[in-house]
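You will see chain A twice below: alongside chain B first, and alongside chain C after that.
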Partner chain A sequence: MRGDGRVRRGPSGGPPPAVPADAARAAEVRAITESSRSLRGPLLPILHTVVERFGYVSDDDIPMIADVLNLSRADVHGVVSFYHDFRRTPAPSHTVTLCRAEACQSVGAGALYAATAERFSEDSGVEVGEVFCLGNCALGPAGMIDGRLHGRLSSDRIEALGEGWTR
Partner chain B sequence: MSILVEPDFGTPPVDAPLGAEATVTIDGREVTVPAGTSVMRAAKEAGIDIPKLCATDSLKSFGSCRLCLVEVEGGRGTPASCTTPCADGMVVSTQTETVRDLRRNVMELYLSDHPGNCAGCARGNCEMQALAVTTGVAEVRYGREGANHLDDATDASNPYFDYDPAACIVCSRCVRACSEVQGTFALTVSGRGFESRITPGNTNFRESECVSCGACVQACPTDALAEKSLVSLGMPSRTVLTTCAYCGVGCSFKAEVQGTGPATRVVRMVPWKDGGANEGHSCVKGRFAYGYAAHADRQLEPMVRDSIDDDWQVVSWKEAIERIATGFRAIQDQHGVGAIGGISSSRCTNEEVYVVQKMVRAAFGNNNVDTCARVCHSPTGYGLNHTFGTSAGTQDFASIEQTDVMLLIGANPTDAHPVFGSRMKRRLREGAQIIVADPRRIDLVRSPHVAAAHHLPVRPGTNVAFINAMCHAIVDEGLHDVAFLRDRCEDVEIFLDFIRGAENSPEATEAETGIPAAELRAAARLYASGGNAAIYYGLGVTEHSQGSTMVMGLANLAMLTGNIGREGVGVNPLRGQNNVQGSCDMGSFPHELPGYRHVSRPEVREIYESLWKVTIQPTPGLRIPNMFDSAIGGSFLGLYVQGEDIAQSDPNTQHVEAALRAMELVVVQDLFLNETARFAHVFLPGTSFLEKDGTFTNAERRLNRVRPVMPSLVGKDEWQVVCEIATAMGYPMTYADPAAIMDEIAATTPTFAGVSFARLDAEGSMQWPVNDAAPNGTPTMHVGQFVRGLGRLTPTVYVPTTEQTTRRFPLLLTTGRILTQYNVGAQTRRTPNSMWHPEDVLEIHPADAHVRGIATGDVVEMASRVGSTSLTALVSDRMQPGVVYTTFHHPVTGANVVTTDNSDWATNCPEYKVTAVEVTVSTQARRAAYEHETADLGASV
Partner chain C sequence: MSTVWVSADSAATSVGADEVAEALAVAGITVRRNGSRGMLWLEPLVEVETDDGRVGYANVAAVDIPALIAGGLDGGEVDGLDRIGVVAEYPWLARQHRVSFARVGVTEPTDLTAYIDNGGYAGLARALSLAPEQVVTEVTTSGLRGRGGAGFPAGIKWETVRTATADVKFVCCNADEGDSGTFADRMLIEGDPFTLIEGMTIAAHAVGATEGYIYLRSEYPAAIAVLRRAIDIAYARGYLGAGIQGSDLSFDLEVRVGAGAYICGEETSMLESLEGKRGEVRAKPPIPALQGFFGRPTVVNNVLTLGAVPMILADGGEAYAALGVGRSRGTQVFQLAGNVARGGIVEADFGVTLGELINDFGGGTRSGRPVRAAQVGGPLGAYLPAARFDVPMDYEALAAADAMLGHGGIVVFDDTMDASAMARFAMEFCTKESCGKCTPCRVGSVRGVEVIDRIRAGTDRDANLVLLQDLCTTMTKGSLCAMGGLTPMPVQSALTHFPEDFTGGTP
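Take a look at the complex of A and B:
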């Protein structure tokens, strides 16, 4: 550690200054955070905006949001990690999110999920995820494809909906 | 004693209004508790233990573990006893078949994802193991084949404790301890559901925001968080209650040890819940950084040499003491009685300090005794004595619970007094406000969940102008407390006339202090009208050419607004060292006998003269700087230095070294061969706090017992050595034990009249004065009346320091302490704490760095009018333009090579906090030398 020319801050020295790879993104995340900081409970709306804008919450975003809101990095990490939809990696081109809760399971969601995961396993442009109840129980198996709710899904329908996907 | 297990009441005591009580019946036992007390706590008070995992009495109730379920007569379901408050007449059952069933099943679920091998568990007092027995879980029916966390990897990145997630039950006690007790918020629960894990953010402990205070380890009910020392050494076998020897907070610790006698090994230091100063909390230094006491660098034998160029020769105690006595007497014969003196240490106990000043006054026959407090809080002694009549802070630490507005100046508690810093943060989170006057943006200005109402970036050296402007603004806007001034103070009109002067207005001082007038006025309004206002200050106040003036200025401000003489207010110095208060109390200053009584007072001298059977000089002796000057002048040739590294810690190193070289006999008593020992002729090995028997007095005047964990490793206690030197010089001095020394202190000093080891052992710590008027001590001073009668207001005319910036030295250097290191680092550098702070760095504002072409990590040369040194730069917007900052923990930095001879006009306290410097990118290859020097030390820690 010594002599590497790097100054290590002590435990109370605060976060080391974040030097994000993407300065433009950093500036925008800071602006998003600044503009919402006076909200009551600002963290969730800020994270939503960041995900809407960039598709995910990056490692560099967390210290910056923490800094502006005067929270600890751990505080922000705890919230981000609690919600699956606050993605931590860039989003793929397309997402298929299938319901695996009881009602859908009873109409074959388990097998559909396995088949769909298998179908796209080689395809880095499509991410298959699971969700527990979309409130669409009467029309199971339900799922969301690129954020849009669909009922009565089958492998064929998913294939049809994905027709023309470029990736 | 054997291992001390403190009772855990599960939830904190409640602060109920007087008389608001509830009487409940728990398992047939009736108990009356303050209204709002949890059923769990009430049960414990009735002697009934309700099983629990997520509850502990240092944290608010949480209600997550579902083990403490009870049944309440007439109520529905099985509420958690930790979150259920007692209601009058409630009838509670803690052992019905229903709750036992529930508990057994809950416990079984916990155990299904917990290592089954209790024998391999570090923590002999793991609460899981005991609970498995009490709840009657004989087997785990779920098996271990399902998903679990048993293979999760241990995070061993912290040098002092491990986190083993396999043993973690995610009860959040650690997360809550980090938030509620420590206030760092470094821990969180990551993920959700089965994936929930405790993490220090998205990283490991070492790289996280964790400050290693140990609160999480203490809170953990399993062995998920455990001290590395416990894992490697195993369970301790006995507890010794003692007091930390780092800062002036004076935390009480349970030293948990194995073995006896010289073979005693400290397994861990755990903060004691009944400690008056810390109430069960700790910081990284006291909790973990005690390894220096057993470090290989410790010198255990006396050594002598004829010249400082010779090698040391190990000798017997007898020979060393003989040599000192003969040498000192020879100097006195040739150069006069006043040619020798002694320096006492604020690291030593009251008893050790008392015998040093007695040796100087009775055996040396002069008043040439001074203490390292000379270079830190001597202006506090002078200023508060002048204004209030007593040289000490006015409150206890708990007073801050009643404070609405804090004014913090020249102190950085979260680094230098961390346990009190946590207390301040907690009060701030409860809604109190803080005004921070500091050239740097310290953590209390803004850190997670805490933000200062005002940060006043006062320029180093202009404190008095600032405090006058505060008083001016308050008087100007009619916010002063007229009744308090009329009834309790004197020289009121003189002061008011002075302070109303236009030169003291915020507008007039703005250019000097750098504080915008409007901001200062807003801060003054808040202080004067925001409720209970308390002042906390540190060496950023005292270590100036107007240090004493500034202390009086703070006293003025408190009196002007009536913020003195009750809980929640006051003027409070944060003492740097464990026993600064005590060493000053014990008569270490050349002009004062114990209890701050001037040597010119015949009635005081008479007390000691009749007891000691000597004549005491009625004139003050030499102060430390005078000793140095006289040494260079050839009239002061012998010095005994106890536990202070003057060659590193005193200003203008070249001057100090020249003085030490000029002396004929320098005696150093210390744990290590420190910088000063390079100039010594006799080295006496000292004892660490783990070997001492005595008392320390902390910043709140609290006398805490220091108890020996092990006998002296050097064969003698330090007080014995001093007595033997005095005896060898022809003045017989003997005590049976340290308790006898305290008895003599109590018998001769009115403020300590009621103090004895027996009472401290039986009744716990006490805050002086302890006498007939206050038999149990005095938490809050100056209630109803000041010690000197009326509080004295003093016109504090601002006189700028002569240490001004010029074109050649355009920056102001100020200094401070960092959390993991302590003063000259003699202790902390010999522990793994150095991992966080391997070197002193120079913090510099981006603008100042930019024009000089300095980037973070560059080695820079810093030069003042008296010397130069080199350090690594850290470009930081915590600084204000024009001001640079460094710490002084590493000898290689030589921060005091650049500090000047300027000092406080009243007390000669050095002006460490203001030095005009220039900083340039280093062209020298000093880096190589640094690597070489620290590599030696690093290899041995």
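Take a look at the complex of A and C:
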């Protein structure tokens, strides 16, 4: 990108990158980063690709991406930590992400969220999360279950959708 | 055998439309997937082609398909199914004035030939026959104002970009539709994506831009997929890329996916995010029209703003300006959401009243209890009581009622709503989604939650109510952007209209 104002900021502090624990992953993250580096503002597309591929952004990914993009580790860490989507731990087997925004609250999403969090509180294979709006505001309560949007959710419906889940 | 249409819109698929389409396909029926008509309470809506038009059956489940097929698929009554008649004549839909949403639900979203057959790309053809300044003049004449919430005149913004000098200019579409109660951007993109592509292409011609970006939120995976497919098709058919339709216009367009930050719907924060940075807002000036994406002149408009442009160019700015009231010209795509019996998309001329939308179109609450309030314009919008539903829906009338139009979302609440809980939620939402750059927003929202908790508990109530008003004033006047600046709007409107909800606890 012409004139994007970025200059190398010198040593990013801290020790040099340790040998990544997972060499294959490191090579792949480097390849992902290099293939997108010519985009204008490539960092978010790269991080999305890493999360799609591996489920999360690992500690070893950050210095690798920073190195290829000529950014400091702090820059990359700052971006990763700003956005909800760039999770830092491996994803669980199943995710139940319920909308807690106003439109869904008006049809009982608050109670549904509390009941669902309680229902799966002992279950390490299911992560119950919150989101603010999935754009399904006329058919609430809405939720994303394993990446698929559902409307008119209830505890019974969530239970039925979760039948047969292996963890 | 008749062709059957089943919506592929995410709202429809969220309640089983894919399973319905699959059951039809397995039975050997030709199924086509349209966008949604926006009558979301009827989804999954199955439409059977007949000589009279497409006849609809509401709330169909996959288990109903054998009965539907046994009925002959002739558009007649079927036992156990809710036949609504010819869909285009259904009163709820026929009473609307569909301009931006004219094709949504009618055609297959990525069928470019159907798009053109239904009036698509007439606007671009006319725009390419005009000089850039004439295109801007048409948009200025139309009175089109930013549909994202701020309501800034689009023509003035475009003229600023057009007359700026730079090595490269951009058109960026803000599709980070994070407001609760809004889904029109999503439905337009999923249901008629070429409208947005055409609008952005016209904008590029008008201002001299060569590259465009659509910042689309990650919470909308179906919209991302449809839009990317549509862009590929537009490239293949010569509607994007170099020398569009044999003209001198070259325009490249790309979808960029957000990452779950509400604040990135604020235009400067969105630009930071597009550049690959934390989505922290910028101080203005400089305005994005002069120093936007990577410091270059940039048109930043919402999906519905750009989506209105093809019709404005095709029919002329005067035709669009003839609709609406006062300084709010054209149509607005209202979204009925929350606890509402008949929720969905109502596109109408500006000036329709809030009560007409909620009671006549919406049919009151889904729960069947009395309507107590509506929040208009998203999480930063005001809570209005039923007694104020006579307010006309236009920018100025809502401002006069200490409310705002925002993105046109209307969230209905029944009489079980607790206004102090909703006020607390407004502050809590701000604590979670503030970008953290300015103190009134970052710290003020945390203090707001604490103060409202004390008021709800009855602790030193009078002093804390004064403190809350003072805090709201600080946030309103001292915040860098609308996030901190407007979070007080739902809080103060709740205090004004529902003071009885703030008297709990024991003082």
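We adopt the following convention: the second predicted complex is superposed on the first by the 152 of 167 C-alpha atoms of A that agree within 3 Å, B and C clash if a C-alpha of one lies under 4 Å from a C-alpha of the other, contacts with A are read in each partner's own complex, and residues count from 1 in each chain.
Basically, contacts are C-beta pairs under 8 Å (C-beta built on N, C-alpha and C of every residue); 3 or more make two chains touch, one makes a residue touch a chain.
Everything numeric in this text was worked out from a predicted model, so none of it was measured.
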- [ ] With both structures superposed, pick whichever of chain B and chain C touches the larger number of chain A residues.
- [x] C
Open item on the list: Quick check for you: in the superposed arrangement, does A:26 touch first (chain B), second (chain C), both or neither?
Closed with: neither
- [ ] Answer with first, second, both or neither: which of chain B and chain C does A:161 touch in the superposed model?
- [x] neither
- [ ] Considering only the touch criterion stated at the top, classify A:149 as touching first (chain B), second (chain C), both, or neither.
- [x] second
Task: Touching partner for A:103 - first (chain B), second (chain C), both, neither - done: second
TODO: Quick one: classify A:59 as touching chain B (first), chain C (second), both or neither.
DONE: first
- [ ] Applying the touch criterion given at the start, work out whether A:85 contacts chain B, chain C, both or neither, answering first, second, both or neither.
- [x] second
Open item on the list: I'd like to know which partner A:70 touches here: chain B for first, chain C for second, both or neither.
Closed with: first
TODO: Answer with first, second, both or neither: which of chain B and chain C does A:117 touch in the superposed model?
DONE: neither
Task: Contact residues of chain A, present in both the chain B and the chain C interface - done: 1-3, 5, 75, 78, 82
Open item on the list: Can you tell me which positions in chain A touch chain B when the two form their complex?
Closed with: 1-3, 5-15, 59, 62, 66, 70-75, 77-78, 81-82
Open item on the list: For the complex, give me every residue of chain C touching chain A.
Closed with: 10-11, 13-15, 40-41, 43, 167, 177-183, 185-186, 211, 218-222, 256-262, 273-280, 293-295, 335-340, 343-344, 366-367, 375, 379, 409, 411-414, 417, 422, 425, 429, 432-433, 435
Task: chain C contact footprint on chain A (complex, rising order) - done: 1-5, 40-45, 47-48, 75, 78-79, 82-86, 99, 101-107, 131-140, 142, 144, 147, 149-152
Task: Complex contacts: residues of chain B adjacent to chain A - done: 184-192, 199-202, 208-212, 284, 414-415, 418, 443, 446-451, 818-821, 835-839, 841, 856-857, 872-874, 878, 927, 931, 934-935, 938
